[in-house]
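Going in written order, the chains are labelled A, B, C and D, and every chain counts its residues from 1.
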C-alpha cells in the first residue's frame, strides 16, 4: 500500500451543508472517496491509500486539476484505491464533491 | 488477327472442366476441393468472400486444402482476412499476393507473415476503395462467395447478410470471371432472388450455415461510467450542437453508450427528433431502445447482425427489407451512403497523435480498417448542404464567402484517455509509422487522417479541431483532452485555458454535465436481457451473450 | 485418537453409538451412571450433503421431542460440505442451515450441545455442525480447516511459502486447531490420556448459561482483536433506538 | 408463457434502478423511506479490517458491511447490507461482527424487523477463520432473535450472489426475497468444477449456473419465498410483503421444515438438471422458464409452488 497526501488552498468553500458523503467502492480498478467537511474553508486535503505503487505524480496532477476545477474548500477527501485509472479517480472526486453539496440526497 | 474473346473462352474452358464434379450447377461439399483445383489457374486473382461479418468458410477451407502444385501464386483480392484458412493459403504457398481491407482476429498472425515475407502486400484498403478497384485493376478471375440458399438454376438468396456479394459478383461475372457460391441448402424456390442464376456458375451445397461473426453486439453490462460520461459529452457538445440528423457509428463501447443514452439523457435534453434520426449502420442491438422509443426513422445496413433478423423483419418501417420480409444489406451502397449522405462519423481508435492522425494498427497487430477510413473522411465531391455540414464548414473557415465555402463532415474520434490494459490513447508518434518503416511501405496505415478529424472526445472534454487556427493550437487542443497520459500532462496549461475560453476545448462542467449522471442507471438497457425485453422478445442474442 | 477409543473413554457405562455406511454417527451413551448423552455426528471424513444433513436434523428433532435432560454431543471428523451439482440443485444451503437451526434450538431449549472435534472438518460442514453447538471442544489431533493454504495460494496468487510465513504472525486465516482455538471457535482441547467422561462432566458443570461468548474468547486469546468490540458497539447503538 | 410481454424498462428513472448493479448504499437509500437511514459505525469511524494489510490489500472504510436503522413503509427496521464488489462481499471479522451486533440487539427489541441485503461470496479467505466464526455467530444470534419474535427478512439479488456461509445464514432467515440474479448456493460454480471436474459442473456455462443456483430455481423449489424483479422498487415492495409473511421461530417451524425438505428430496432427488425439477413440478415448457419476464414468472411460481409459511 502506498500512502499519499496532498494539501491545497481552495478558492471557495464547497457548497451545501452536509458533513459527510461517500462515493464508490473499493474493487479492482475502482476506489471509494470519503468526503468530510472538517477543514477551514480555504483548505482541501486529499489522502490516498493505493495498491498501485509509483503513481504519485499522476495523483498529484489529478488532485491539482480537481481542486482547480471544483474548488472544494473545507473538505477532506480520504481515498481507498484498488488501482483505479486516472479517469475513474477524477470522476469519483467530482462525484464526491457534488454529493456533499447536495443537501437532500 | 487479334483474338478479342480469350477471357471468355478461358472461362468456358474452366466451366467445362468443373462440370466433371457437378450435377448441373450443383456440387457436393465433398467435391469442393477438386472443383477448385480445376477451375482456378496459377496466378489468378481470386476473391474469397469474407468481411468482418459473413464468411464463405467452406470454400475458404477447401481452397486452403488444394494441391499447391496445381494451384499456386494466387493473388487474393478480398475484403477480410478473418479465418485461419485465409492465411493458411499463404502458408501453403497457394497464394502469394494480397490486397485487402480488414483483418480483425488475424491481425497478429498477418503481421508476422508480412514481416516473414510469406505475403506480398499490395495495399490495405477501405472496403469501398477495394470494391472500386475490382472494376479497374483488381478484377477477380474467380469469386468464391456465400449465400443462404440456391435453386438448381443458381439463383441465390443471400438473405439478411447480403453484404459484399452483389458487388463481388458484378465485378467477376461481367468481366469473364467465374462465380462459385457455397449455400446452406438447395431449395426448389429461393425466398427472393438476390443474385440471378445466370451470374453464378457453380453452387456448392455446404449443408450448414456459413459463419457470421456477431461483431456489432456490445453487451451493455460492460459499459463503464467513464464511457457514459464521454457519451454525454458527445451528445450534448456535438450531436445537439450541430443538430446531427444523419450519421454512422463505430462499433466500440463508447458509441454503444451513446445509443443507450438517447432514450434517457437525450430525452431529458429534449433532443428526440432533432438528432440521430437517419443512419448508415449495421443493426446494432444497442440501438433497439432508441428505435423502440421513436428516435430513429430509417437505417440502411452494411450487413446484418446475429440474432437481429426477426426484430428487423418486424420493423420494416425502419430497415430496408425484401419481398420475403428479411433485411437486405449491401456494403457498397451503405459505404457510399456513409460517405456522401451522412453528416457525421463517430468511432473509437487505439492511437491518436499530436496532429490528430489516428490508427488501430500497432506494431504487432495489423487490423486493417474496414470501412472506417471511408466513413471517417470528408467527401470532397459532396455538393448538397445540410445544417450540420454548413456549420462545420463555417467553423473551419469563417472568413470565406458563404456561397463558395465547402461544408465539412463531422469526423469524431471518441475514447477514454487510457484504453484497455491502461494503454494511453494519445501518443507522440503512431506505431503505424514504425510499421511502415519496417515493412518498407509508401504509406503508413493511418485510419483517419488528421485533416479529416474535426473533434476528439474523451472523458476530459471535447477538442474542436475545426476552431484551431494553427498547428500549435491543434496540438494543445489535443493535449488538453488527453487527461493524465504523458501527452496530456505535457500540455501548456495557459494555452489550454485560453483554448477553453474560446470553446475550442469544452469540459463536462462547461456543458453543464453533472458527474453524478455518469452512472449506469442512465443506460436505457444495462444487459443483453434488457435489450431482449425492449425488443419484445424479437431480438435473439447468440448463446455467448446469454446467461439464461 | 480413533472414534472407538473416544466412545469407550466418553461412555464408560455403555453406549449404542454406531457409524453407518454413509458416515453418520448416531446413538447415545452413558457418560456417568444414569446420565445419558445423545450422540450425532460425522465420521470417516464424510462430506455433508443433503441426505446427511436431513438425517441428522431429523434425529435431533426426534430427540427434542423427548425433551431429554442430558447433553447432545456432536462428534466430528468430516470433509467440507459435499461439493456437487446435485446438492446445490436441491438447495444444500437450506439443509445445512436446517441442521444448524436444530442444534441451536436444542441449546435454546436448555439441552446443552457440545461439539467434539476429533478429526478433520471444513467450511459448510463445520458451520452446520460443530460451530452450531454451545461449546466446541477438540482432541489434540483435530484438523479444522476453513481454507487450505494451497487453494489460498492459488486464489491470492501468493507463493505457499509466503502464506506459511504470514500464518506464523496471525491465527486469522491459516488452518489448524491452534489457530481456530485462538480465534475463539474451540473452547478447550481435551486431554486424550485422561477420562473423556470426566472431562465432559467437568465441562457440563462449568457451562455458562449466557449467550455466545466466542468473540470475547477470541479477543482474550488475541485471535480476533476487533470482533467483540465491534459487535458490542453496534449492539449498543441499535438498542439505543429501541 | 411468452418471453415478450413486459413493457420495456424505463431506464434512468430512479424507480427502476437495478438492484444487481446498485451499490449497497444505493440499495439502502432506495429501499428505505427517505431520508430515514441512520448508519451505525459509518465510514467516518474507519472501522476497517485489521487483517487486510497483512496481504497488502486495500481496506474499505465500512469493511463492506453497512448496518443501521431506518423506516420501511413507516415501520422501524434494522438493516444490514453487504457490498458485493468489495472483496466479493465476503465475511471477515469486522464485516461479520457488525451483523452479529445488530442481531443481538434485535433479540431484545420487541417486534423489530431486520432486513439483510445479502451480496456475498462467503468467507473472506484472508481472514478465513474469523469469517467462518462470524458466520456461526450470526446464525446463532439470528436464531435467538427469531425465537424472541424478531422477523428477519433476507433480500438476495446482488452481483456476488449469496454463496458459502452466506447461503447458510440466508437459510436461517424468516423470509427470503430473491430476484433472478440472486444466486444462492453453498459451493460456488468454480469450487465445484475445481473439486469435481468440468464434467460435473462447467462454471463458464452461465446459463447452467443461473438455472441451478439462480433466483428462479430457488423460488420454484421453495428455497425463497418471494420473487422480485431486478429493481430497487420491486425489492422494496417485496420486502414490505415479506415482513407480513414472517413467522416466529419454534420447534414446530423446524418440524415443518424437516417435512418440507424431506418432500423435496423425494420429489426431486433423482433430477439431474433444474429443467427436470421444473418439469417434475408440472411446468409444461420448463425450457422457457429462464427467459420468462418477472410478472409471468411470479404467476407461474405462485401456481406451482406456494410459499411455505412457517416452514423455515
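Rule of thumb we're sticking to: contacts are C-beta pairs under 8 Å (C-beta built on N, C-alpha and C of every residue); 3 or more make two chains touch, one makes a residue touch a chain.
Composition by chain, UniProt nomenclature: A = Malonate decarboxylase acyl carrier protein; B = Malonate decarboxylase subunit alpha; C = Biotin-independent malonate decarboxylase subunit gamma; D = Biotin-independent malonate decarboxylase subunit beta.
None of these values were measured; they are calculated from a predicted model.
> For this structure, which two chains share the highest number of contact pairs?
C-D
> Can you figure out the chain closest to the middle, judged by Cα centres?
Of the chains present, the most centrally placed is D.
> Round to the nearest whole Å and give the separation of the Cα centres of chain C and chain D.
So the centre of chain C lies 25 Å away from the centre of chain D.
> What whole-Å value do you get for the distance between chain A and chain C if each is reduced to the mean of its CA atoms?
Computed value for the inter-centroid distance: 46 Å.
> When the centre of a chain is set as the mean of its C-alpha atoms, what distance in Å lies between chain A and chain D?
Centres of chain A and chain D (C-alpha means) sit 33 Å apart.
> Could you tell me the distance, in whole angstrom, between the mean C-alpha positions of chain B and chain D?
That gives a centre separation of 45 Å.
> If I count partner chains per residue in chain B, which residues reach a count of at least 2?
Residues of chain B never touch two or more of the other chains.
> On chain D, where are the residues touching two or more other chains?
Within chain D, no residue touches at least two other chains.
> If you look at chain C, which of its residues touch at least two other chains?
none
> Which pairs of chains touch each other in this structure?
A-B, A-D, B-D, C-D
> Note which residues of chain D are touching chain C in the complex, please.
Residues of chain D touching chain C: 38, 40-41, 47, 50-51, 54-55, 67, 69, 76, 78, 93-94, 96-98, 100-102, 104-106, 108-109, 112, 123, 125-137, 139-141, 143-144, 147, 164-165, 167-172, 184-187, 191-192, 195-196, 200-201, 212-213, 217-218, 221, 223, 249, 251, 254-255, 257-258, 261-262, 264-265, 268-269, 271-274, 277, 312.
> So in the complex, the part of chain D that touches chain A is made up of which residues?
Going through chain D, the ones touching chain A are 23-25, 35, 42-44, 53, 56-61, 83, 85-86.
> Given the complex with chain D, which residues does chain A contribute to the contact?
1, 20, 22, 25-27, 30, 32, 34, 36, 49-51, 78, 80-82, 104
> For chain C, which residues are in contact with chain D within the complex?
50-51, 54, 57-58, 61, 64-65, 81, 83-98, 100-102, 104-105, 108-109, 123-124, 126-128, 131-132, 146-147, 152, 155-156, 158, 166, 169-174, 179-180, 183-185, 211-212, 214-215, 218, 223-228, 230-239, 241-242
> For a test of understanding, state which residues of chain D touch chain B in their complex under the given definition.
Those residues of chain D that touch chain B are 2-4, 6, 8-9, 11-12, 14, 16-18, 21-22, 180, 206-207, 209-211, 290-291, 293.
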